[in-house]
Amino acid sequence: MRRRLRLGMIGGGQGAFIGAVHRIASRLDDHYELVAGVFSSNFETSKSSAEELRIDPGRHYKDYEEMAKQEAEREDKIDVVAIVTPNHLHHDPAVCFLNKGFNVICDKPLTLNLEEANSLVKVVEKSGSLFALTHNYTGYPMVRQAREMIINNELGPIRLVQAEYAQDWLATNLEANNKSEGYKQASWRTDPKRSGAGGCIGDIGTHAFNLISFITQLELQELSADLTSFVPGRELDDNAQVMLRFKSGAKGSIWSSQVATGNENGLTIRVYGEKGGIFWNQENPNYLKYSPLGKPPSILSRSGPEIYSVSKDVTRIPAGHPEGYLEGFANIYSDVANAIWEKIEKGKTISKSIYPNVYDGLNGIKFIEKTVESSTSNSLWVKF
Amino acid sequence: MRRRLRLGMIGGGQGAFIGAVHRIASRLDDHYELVAGVFSSNFETSKSSAEELRIDPGRHYKDYEEMAKQEAEREDKIDVVAIVTPNHLHHDPAVCFLNKGFNVICDKPLTLNLEEANSLVKVVEKSGSLFALTHNYTGYPMVRQAREMIINNELGPIRLVQAEYAQDWLATNLEANNKSEGYKQASWRTDPKRSGAGGCIGDIGTHAFNLISFITQLELQELSADLTSFVPGRELDDNAQVMLRFKSGAKGSIWSSQVATGNENGLTIRVYGEKGGIFWNQENPNYLKYSPLGKPPSILSRSGPEIYSVSKDVTRIPAGHPEGYLEGFANIYSDVANAIWEKIEKGKTISKSIYPNVYDGLNGIKFIEKTVESSTSNSLWVKF
Amino acid sequence: MRRRLRLGMIGGGQGAFIGAVHRIASRLDDHYELVAGVFSSNFETSKSSAEELRIDPGRHYKDYEEMAKQEAEREDKIDVVAIVTPNHLHHDPAVCFLNKGFNVICDKPLTLNLEEANSLVKVVEKSGSLFALTHNYTGYPMVRQAREMIINNELGPIRLVQAEYAQDWLATNLEANNKSEGYKQASWRTDPKRSGAGGCIGDIGTHAFNLISFITQLELQELSADLTSFVPGRELDDNAQVMLRFKSGAKGSIWSSQVATGNENGLTIRVYGEKGGIFWNQENPNYLKYSPLGKPPSILSRSGPEIYSVSKDVTRIPAGHPEGYLEGFANIYSDVANAIWEKIEKGKTISKSIYPNVYDGLNGIKFIEKTVESSTSNSLWVKF
Amino acid sequence: MRRRLRLGMIGGGQGAFIGAVHRIASRLDDHYELVAGVFSSNFETSKSSAEELRIDPGRHYKDYEEMAKQEAEREDKIDVVAIVTPNHLHHDPAVCFLNKGFNVICDKPLTLNLEEANSLVKVVEKSGSLFALTHNYTGYPMVRQAREMIINNELGPIRLVQAEYAQDWLATNLEANNKSEGYKQASWRTDPKRSGAGGCIGDIGTHAFNLISFITQLELQELSADLTSFVPGRELDDNAQVMLRFKSGAKGSIWSSQVATGNENGLTIRVYGEKGGIFWNQENPNYLKYSPLGKPPSILSRSGPEIYSVSKDVTRIPAGHPEGYLEGFANIYSDVANAIWEKIEKGKTISKSIYPNVYDGLNGIKFIEKTVESSTSNSLWVKF
C-alpha cells in the first residue's frame, strides 16, 4: 500500500484559477496530500490561502527558496512541488527545487523564453528528478485513444493535421480595467514581461501544438505564422494563424484565438491519414469520431467498445457518464504519482513518459518563439 | 477554517462501482476524509479494500453494527456515514447509524420497498440527523439552472415533461453468466430480493422521476405504466413506459430502458411551459437548451453568461472546460458538508435542502411501487 | 422515352401550404406536368391560382365533379389527380375520380373518419386504379435505409420503438385570431368537422405511426393513449401520449405534440432490436445513427458507404450535399410515376408498393380513432 | 403571368453530375423549361441525353456554335443558356452565346485561367446580357441571413473569417483507374488542361473564397498559400492552406482539401466581429449559430423567428422542414429568372445582383492564380 505523496505548491493562492485546478487534480485519485507551499508573492494572501488549504502553519513559507531549503531538511519532506505561477515565475523556482533534489510539476508554458527553457532542460537532466509539465489536454482518455490508434497505424501515414484553439474571453480590453472580472487572468497574460513573447499563441496555441505532437508524434520541420493583436492597445497577439510542415511531408495548421466571439474553450484536433481520419473536441471530450476511408464514421466513446487500454485505464466510470477537464488533468497527476513511485521503489527514472515532460516544454517555447519570428518576418517559413 | 469531515462507508469494496464514485465525490472539494468503514459483506474483501483505502486498521470493522457502536464511542467519531450497498442493505444500516446519532448519506433508491421507506422516514424524523440520498443528477449545475429558471417562471406554467433514461448494458442476460464483465452489477440489480420490485424502473427510472420533481417541482397525481422484461429469464423489468399526470394539470412521460441498444447512459429531460421549453441531456451535461416561445433557442453554458448563481456557484472551472458526472456527484457531497457544518456550528438542521433527502427517497420508492402496481393492473391509472 | 405524366390537382390554391409542396415534389424529377385542377372551394381564388400555375383556362374547373367528368372525356386526360384539401374533403373527390378510372394521390390522413376510410378502401379495390397517400416521410432515403436494415435483420428481433413528433406552432390559440399568421392552417386542423376526431394525433401522430409501420413492419396489437388539449378553448387534442404493444411482443410509444415549445418539426424514431439500434431525426434527415450491440455506433450518410440501393437509388446528389423535405416528398411522386408507367406499359397494378397506399391510410384512421377511444376510456388498452 | 423561361444547356449529358443539378434547380420553382442543348462533346451521348430529357430533336444541336446560331434565328429562342461543362469549356461557349445576345448561366470556376476570365468580363460588359455564375452556396437562405446580419452590423467590425471546405473523395488515385466510380469526375478535375492551375483550390477552395466575399463583403488584400498534392502522381493540388489579409485589417484563413478522410462536403464558415460571431455548415444548412459577445449563443433556424426577409423569401417550407443543396441551387436560378424578367419587362439589366456574377467569377480565378503564385513562391504574401 502506497502512502499519499506529499505535495508542495508555489502559487495558486486566492483568486488564482489554475492553482485550484492542480489541487483538485492532485486529490481526485487520492495519490497526493498538499502539505506545504507559498501561494502568493503577497505574504498575507499566501498566508490566508494556506489557512484555507489547511496547511500546517510551519509549512507555509515566505518564499520558494525558504521552502526548498527547509523542506529539504525535513524527514517528511515533500515528494514533489507544483509550480503554478505566471510564466515568468516558472524557471527560478523550478531550478531551485530541482537543485535541492525535488521532483517538479510545472504549469505550461515551460518558461518565459527559450533561454530559460534551455537552462531548465539542463538542470532537469543533471538533477535526476522527475519533471512534468501540465499540458493537461494530453490527459484526456480519448486523446490517448487517438494517439494509440495512430501508433497502431489505424489511420495509415498521416497527411494532414488541423488543430485549433479558439476562445473569446479577450475580445475586449479586459486588461485595461482592473475592475473587470477577468482582470487578474488577463493582465499577466497580455504582458510580455510576465507572459513572454507569445500572447494567445503561448497561452493556448502551445496546447494545440503539444496536442498535435502528442497524438501524431509528427516532428515539425518548419512553420509560417501570422500573429495579430486585434484589441487596441494590446501588446501581445490575440490571434494566430500558423501553417505547418512536418518532417514526414505531412502538413497542417494551427489557428488559435482569444477574440473569436462565441468560443469558450474550443480546442479541436483533426488528423487525416491515408486510411482514415479522426476528430476530437475538448468541449465534448468523451467522444472521438473515427472515419475509416470508404466506411461510415463511428463514434468511439470513453470507456466504451473498441477502446485501447491506454485510454480505458485512465477513466473512472462507465461510458455515458461524462468525465471532463478535471479528470483529464488528474490523469497527468496520477501518471506522475506512478512515476514517482517507480523512482522511489525501483530507484529509477522512467526515460519515456506518457505525461508531458521538459522536452515537450522546450518544444513549446521553441514553437512560441518561432511563430513570433516568422510573423515578424512577414510569415517567412522558419525552420523549427 | 473548517476541518475535513470524517466520513465512514458501508459497502463499496473492491469490484464495486458506486462506492468508488462516492469516495471521489467526497474528495473532490476537500470537505471529507474517509476514516472508517465496512466495505464488503465478505470480511477479507472488506479488509483488503480498507487497506487499499489507507483506513486505520482499528477503524475497519467487521460489520456495520460494530462500526456504529464503536464509532459512537470515539472522540474523533465519524461525522457522517455513506451507505453504498445494494438496495436491500440500505434500511438496516441507515437505521442503525441514525439511532446512534450519525448523519447518513445513502445511495438510491432509498430502500428495498415502501414499508422500509416509511420506517426509515420515521427514524430520520426522530433522529435529528441529516439524511441525504445521492440522486446525483440533481447535482449537475445545468440541472440546477433549469430548476431555477422554472422557479423564476421563465417557462410559464408547465404543460409537459418528457423524461427518459435509456441504457443498453442489460440487453443480454449478463446476470446468467458469472464470468461476464458486468455480472456483479447485473446480478443484484435483476434480483428482486436485493433490488426490490423494480428492475430498470428502480435503478434508473427513479432518477428520471427524481429529476422531474427536482427541476419542475410538479407533484404527481397519478401514473399509468407498462413494464416489460425483454431478456428471457429476467424476473424484473428491463424496460418501462410510464405516462404521468400531475396535480397542476401538466402531463408527462418517463421511458426508462436497459435494453435500448446504443444508449450508454441516456438521461434526458425536456420541459415545456406556456412561455418556453428546455432540454438537458446528461451525456453532454454542460449545456442547457432554452427555447423561449417565438424566439430562436439559445444554448446556455455552464459557468457562462446568464447563468443563475445557484448553478454558477457549484462549478469549479470556466465555461468551455467540461465538468462531468463526478463533479455533479461531488456537489451533493459538498451540499451535505455545508449542511453538516450548519448543524455543527449553529446546532440546527436545515429544514429544506437542495440535496435530495429522505422524502425524495420515499417518493422514489412510491414511484417504483406504483409503476409496478399499474403495470400489473394492465396499466390502470394509479393514484400517487 | 416516357412523356411527362399529366397531373390534376384538387385544392392547394393561394395561401395553402401542402399544395405547393405537392407541386414542387411532382416537378422535381420531371415525371409530371400539372395540367388541370380545382384549387379552392372559392371560385375566384381557384381561378387566379390556376392562372398563376399556367393552367390552360379550359382545364380549370368549377368543382371536382365537373373536372372528373370532363377530364374523363378528353383524349389527353390527366393520368393522376392529387387531392390536397383538408381532411373532410378527401373522401368524396377521391371516390369521384376513382370511379371515373383515375389514379389518385391523396394527402394524409386518408379521410375524416373510419367510415369514410372503409368506404374508400372498397372503392380503390374495385377501381383497379392506383391510390397513393403522401405519408411523405417514408420517402426519405435514410428512412428506407432503416427499413431495409430491419428487413435484413441487422437489428435482430425488434424489442422497442420510440417515436415522437413534436411541434410548437399551436402553443397559443392561433385559431382564435383570424389575423394570426398561422390562422388558415390552424383553424381547420383544430376543427373536428374538418379535421376529424384527432387534432395533433391526426395531423402528425399518424405520421409517426406510419413511420413505425413502414420502418419496422411491426403490426400493432393494442394501444393506450392519453390525449390532452392544453390550449384553452381548443376542442381537439394538441398533445398525445400513446403506449404501444405490437403483435410480436415488441413495445413502443408515440409522443406527439403541437405545444412543445422549441420544437419545429421534430419527428424522430428510434428502434431497438436484440442486435442493434437505430436513430433517425427528420430535421437532419441525411444521417442514420446505427448502433450494433457492443460496438461503437456509426453514422450512415445518405448516398455514402454501406447504403442499400433501395436508399441510394432515391437520392440525386453525392453524400454531404444535403437533401431535404421536398426531395423526400418527391420520392413518393417518383414512386407513383413508376407505378403508373408499369400500369400503362404492362397493364398491371403493382400489388405491393413502396409508397404508402390506401391500406396504410386506413391504418392511420384506425390509429386516430383508437387513440381517441382509449383516451376517452381513461387510457384503457384498446385492441387495434 | 410570366411564362416559363426557355433554357438551353451546354454539357450535362449522361454520367455528368452538375448538369442534372442545374436541371433540377431550374425546375424546382417552375421558372424554366429546358428546350435545347448540346449535352456532350460525344454526339451519340449528347443525342441520347437529349432524348431522355425530352428535347425536341430539332433543338438538339451538334455543337454550341450551331446551337447559338440557330437559336438566335428562332422566334421562340432560348432566354438563357446554362454552361455546365468542365472548366476549359466555359469561356468559348459563353462568349459565343453572349455575342449572339443570349443570357448565360455558367458553372464555376469562371474559366480555365485569368486571361480567359478577363476576356469574358469584357464580352459580358459589352453584351448587355445577364451572366450568372453558379456559386450555389450563396443561394442557401441561412448564408443570406448571415450576410444580412453583417450588412446590418450585428457582428460589429469583422476581425476574423475562418472558412474551410473539406472532402475526401480524392484521397486515393481515382483518376488513374478508369473503372473507378468517380473516374469521370476525378479525371478532368485533376488535369491542368481541363481544370486550370488549381486542383482542389479551384474546385472547392473558390467556393469557400466566394462564400467569404458574399457573406462578409470584405475585400482581400493579400494571401499566403501552401498547396500540396498528397496523392502520388497527381499534378494538381489536393490540399490547400491559405492565410488571408483583408483591406479592412481583418484576417482569415481558408483550408480546402480533397484528401481529408471522413469529410464528405464539409464547407464551413465562421465569422468573428467585435460584437458577435456566426457559424454555418453546409452539411446541416438550415441553421446558423449566432453568438453575440457576452450572451448565450442562439440557433437561428431557416424560416424561423428573427430571420430577415432576404432569407425567408427564398425558402419554400416552414422551419423544421429541411431544405438542402438543390433548393439553395434553385435559389440562384430563381434570382436569375427574376433578373431576366426585369430585363424583358423593363428593358434593363440589374447592375447589382444577389446572384454571383462575372466579377465574382473573375475574383475566383484571381484567387486560384494568386494561391498558386504564392505557393510556388514558398508561401510569399501575394497582393490580390
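Order of writing sets the labels: A, B, C and D. Residues in every chain begin at 1.
Just so we're on the same page, contacts are C-beta pairs under 8 Å (C-beta built on N, C-alpha and C of every residue); 3 or more make two chains touch, one makes a residue touch a chain.
Only a predicted model underlies this, so the values are computations on that prediction, with no experimental measurement involved.
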item	value
Chain whose average C-alpha position is farthest from subunit C's own	A
Contact-richer chain pair (by C-beta pairs counted) among B-D and A-B	A-B
Where subunit B and subunit D are represented by their mean Cα positions, the distance between them in whole Å	55
Inter-centroid spacing, subunit B versus subunit A (mean Cα positions, whole Å)	35
Multi-chain contact residues (two or more partners), subunit D	263, 290, 297, 301, 304
Residue numbers on subunit C that touch subunit B, as the complex places them	155, 159-160, 162, 164, 168, 171-172, 224, 226, 228, 230, 239, 241, 243, 245, 251, 253, 255, 257, 259-263, 270, 272-279, 289-293, 297, 378-379, 381
List of subunit A residues in touch with subunit B within their complex	1, 3-4, 17, 20-21, 23-24, 27-30, 51-52, 54, 167, 169, 263-266, 282-286, 301, 304, 316-327
Contact set on subunit D toward subunit B in their complex	290, 294-301, 304-306
